[in-house]
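Let me begin by handing over the structure; questions about it come next.
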Amino acid sequence: MSAFLELARRDLSVAWKEGSAVGVALGFYLVVVTLLPLGIGPDLNLLRRIAPGVLWVALLLAALLSLGRMFETDLEDGSLEVLAIGPLPLEAVAAAKSLTHWLTTGVPLTGLAPLLGLLLDMEPETYGVLTLSMLAGTPAVSSLGAVGAALTLRTRRGGLLLALLMLPLFVPTLVFGIEAVRAANLAAEAFLPSFLMLCAVSLAALVLAPLAAAAALRFHLQ
Amino acid sequence: MSAFLELARRDLSVAWKEGSAVGVALGFYLVVVTLLPLGIGPDLNLLRRIAPGVLWVALLLAALLSLGRMFETDLEDGSLEVLAIGPLPLEAVAAAKSLTHWLTTGVPLTGLAPLLGLLLDMEPETYGVLTLSMLAGTPAVSSLGAVGAALTLRTRRGGLLLALLMLPLFVPTLVFGIEAVRAANLAAEAFLPSFLMLCAVSLAALVLAPLAAAAALRFHLQ
Amino acid sequence: MDLGPHAAYIWSAYAAVGVGLAILIVWLLFDGRRHQRLIDELEARGVRRRSDQPGGE
Amino acid sequence: MVFMPTLRQSLANPTRFMELSAWLLPWITGAACVLLTLGLYMSFTAPLDYQQGHAAKIMFVHVPTAWLSMFGYALVAFSSFGLLVFRHPLADVSAKAAAPVGAVFTLLCLLTGSLWGKPMWGTFWVWDPRLTSVLILFLLYLGLIALRSSIEDETLAAKLTAVLSLVGIVILPVIKFSVEWNSLHQPASVMRLGAPTIHPSLLRPLLVMALAMSVVFLALYLKAMRNEVLRRRLKALRAYQVQTSVDLARQPAE
Amino acid sequence: MKLLVENLALNRGGRPLLAGISFVVGAGEVLVLLGANGVGKTTLIRAIAGLLAPAAGSIRIEGGKPERSVGEQCHYIGHLNGVKASLTVAQNAAFWARFLGRSRDRLDAALAAFGLANLRDIPAAYLSAGQQRRLGLARVLLAHRPIWLLDEPTASLDHAAAAVLTRVVSEHLASGGLVIAATHVPLGFATARELALGAAAPT
Amino acid sequence: MKLLVENLALNRGGRPLLAGISFVVGAGEVLVLLGANGVGKTTLIRAIAGLLAPAAGSIRIEGGKPERSVGEQCHYIGHLNGVKASLTVAQNAAFWARFLGRSRDRLDAALAAFGLANLRDIPAAYLSAGQQRRLGLARVLLAHRPIWLLDEPTASLDHAAAAVLTRVVSEHLASGGLVIAATHVPLGFATARELALGAAAPT
């Protein structure tokens, strides 16, 4: 356990050192949300309608961008091999990595989403549900992300390959997350079912993803 | 000159080897375009309206994702130092890198855009202008990208920082690119002015960006 | 004084400026104090820059 | 630990700056307070704008912050130029100090602007060229700060941020002329060729406020520079502390 | 304790690289792996560490902790150093100490032994090649492992550091540890048995 | 031709690292840089290659091509090999040959000299540490440069490869080239002058 926390702690401080992770993540999120209106025109009604969807998609892309180097740095500097034979099972290593990714990306982005909602003139009552759905969804994003990161490890052009692999995996999270928000806007109680599905997805990912990621890592180290 | 082509050629073959660049880029593009309808709901009129904007923004993001390792790999394996003292001025090296990036990202994505337009039920007559505007815009994207890639070189959390730095630089391209398409839909001759602006932006970027990128690279090698 | 229908917006605008600047000022003062204190501590412990030891650009 | 080779001879510079600024700062602060009170008084006693009514009062804070947000970036870019070309030892201190101050003023411009927009346009935010370009200016500021904070070696960080700020300078003309480009936003009515089109009774308080805000900006900027110099002194002292234990052995006898 | 390798066969990229390797290393013994470039020293070491599945044969420990895998009882120092460039020397060491050994009380001793004490607070990115290698090697002192697997440990070390390594190793041996090291240059270990791998490397 | 270094001073991360370095290397001469880890060998070599701006002093060539920078007349073999993992050995070599020398007619000779002929078509990722080093070193034979800057050239080379390097270097010297090499292990070059950098390293 202590080893697990230790690893998470190191990765957090590395993320912090290497370009104040959080601030930059927020920056990217902000920017995607800025570009879209430029692209599709300044019609506020339109923007209001698509706001939650855009915020969710932007969150996924931001998470995606930061996935790339989840294991790559450790592979390049030789840490990964030592971690692999160390006291911690590789599954736990993968889980620790996902945890760090969630803390440095999922959480801050969720926190920022309502603010960006303002820019897209989102209805105030959506804020709560949106935040809830993101909090429930992002763990799935980070732990599924670990699988993708592990799979695309040595393929240097990882960035895009990763995207290709991940986005399908992200679909369930996205669908239920959006559905929860949309339903909540119609009727408060309609929110629950899809929200529960979302939580289910997250739990499943939290349990299964580390296993898959660890398997992929083992193959890479062979 | 031959050295320039030689470098471009090597990078192309590396890009090809390492996860068939093109295919992956297209894949990512495809996926973003598929995620968005999930996010904002399957309303075709809505999709049709925002199609060109979405395609442009997705293109920028795809380009962004692949920018990250433009120079990083060369720095890590020591090539960059040899390139720097080699017969080719560093500006030319940067230009060659931009060229490769354009060939592996800008061109294929532009080629795919009309096809994806079908998915979003875009008006057929927009295809031509959209492709034109992308062809004129992507060189700017790739060469400005070189600047961002060079600046964020050693900052490992490059991915996100890069995004934050690049997107402001991308805005003029995006704005004029979109404006050209929108104008063309209103009246054929209205297309020209913003299109010329777009070309002007691209030319300026092509000339100035390599200088900035080279400067940044020099500082990094110091 | 009466600021008409939009009083709220006007006040909050002025308030925003006040608060924003205030935060910046406090931060700057605090930062300066901290550095000065640390420098004094070091010099109290006898760490001094040689005359040719550059003072940090 | 961070200083450039040229420093040994130009060492006098930061020290002289510290003395000078130490003497200047109180006066500037005082001036700022006086001007600010005067400006506030004038702006609240200013007559109503015939079409915007009371809301026009926001102009007196909005416009100065707007101008200063652009001036701030110009200052950063100018200092960066000084760093890259003339290697002036204070240039980077100035660039680094100006960035956060400018960012704050940009944020204030955005806030006051949106607070003005709600009554005037019925919404806090529209994706109009002027507003967007200012938002982008804000992002540029963030980019500068993030880039600097994400590089360990400070000399390197200084040069790279300088490059970025020079690349980003194109934003300024874009902001300036964005109004001409089918914008909801007021066209320039003060900073324009020919006489201001704005009514003198509103112009006077605006100018006073602008002056006051500029002095405030100056004061903050100087204070930030002083802090930065102090921080580098501290760093140099620490480095020297290490050197005496570590490096002196390694360095050839001087 | 004993490390037993019985006619081990290893493949690389599908092609057989080593075959019929058998040896026993007992407590207090060093085994030095020699052989031309590409003969398979690194491959063998990685196999012992459990990073590589053998094509045939077995790798066992007698008298170790049976519940632990072989790898968990090894220190593996490969060609790469496992150092995070953005963390300081001390932070890097502290992490490995806590991760591998749950305690950092050996930290200062280890850094001092490899002459890194004065570089504690310098980011590892700034270290020279040899200094980074030292930081990588310092791992063996940060946590106890009975078996040390060293792959060209002296690469880019100066004489002082090489001497330190020799001393550290001999102390480890004296305390009943065992060491397997691949090298091209003499390591100057006292009682070193040598294993020359496949005369013909695929060069 | 001559390489003249006159009281050179180099900073690292803002702190002075080397100062008052002066030496002349003439045609057919080797200069071997010695010194503890972190004393500044790599830094000095990078400065000569023009990758690092000197804080003071000058680096000139007499009798070279005046229109070319010093760097352009150097081969720089650093700690890293400049090898693309995803390209085959032959492709890597061919690229450097064309990029540095505009022709690939020396390719086969160079690969053969460093015993890589049989590995031509293996992706460089699969090469062992020493094989990758050989591929990096092969660059010196792919294009002509009067000055060779070698930073720990023999790192993880086996004896055969080290011998090859010695031969290649001596041939280069015989043909009027000049070599500057940093090392910790004896390189066995004939007529080698030595420059011991700053006695005490920060260890």
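Worth pointing out:
Order as written gives the chain letters A, B, C, D, E and F; numbering starts at 1 within each chain.
What we mean here is this: a contact is a pair of C-beta atoms (placed from the backbone, for glycine too) under 8 Å apart; a residue touches a chain by one contact, two chains touch by 3 or more.
The shown structure was predicted, so the numbers you read here are calculated from the model rather than taken from an experiment.
Least step count on the touch graph, chain B to chain C: 2. No other two chains have as many C-beta pairs in contact as A-B.
Farthest chain from chain B, judged by C-alpha centroids: E.
When chain centres are defined as mean Cα coordinates, F lies farthest from chain A.
Separating the CA-averaged centres of chain E and chain F is a span of 29 Å. Between chain A and chain D, the centres computed from C-alpha atoms are 35 Å apart. Computed centre separation for the pair chain C/chain D is 14 angstrom, with centres defined by C-alpha atoms.
In chain E, the residues touching two or more other chains are 79, 85-86, 118-119, 125-126. Residue positions of chain C touching 2 or more other chains: none.
Looking at chain D, one finds that residues 1-4, 132, 136, 139, 142-143, 146, 150-153, 246 touch two or more other chains. By the touch criterion stated above, chain A contacts chain E in their complex at residues 2-3, 6-7, 10, 13-14, 17-18, 73, 76-79, 81-88, 221-222. Interface residues of chain F, counted against chain B in their complex, comprise 46, 49-53, 69, 71-72, 74, 76, 78-87, 91, 95-96, 98-100, 102, 136, 139.
Residues 11, 13-20, 38-39, 53, 55-56, 198, 200-202 of chain F are the ones that touch chain D when the two sit in their complex.
Taken together, the chain B residues at the contact with chain A in this complex read 14-15, 18-19, 21, 24-25, 27-28, 31-32, 34-36, 38-41, 46, 49-50, 52-54, 56-57, 60-62, 64-66, 68-69, 73, 76, 155-161, 163-164, 167-168, 170-171, 174-175, 178, 182. Residues of chain E that touch chain F in their complex: 12-13, 35-38, 42, 79, 115-116, 118-119, 126-131, 133-134, 152, 155-162, 184-185, 202-203.
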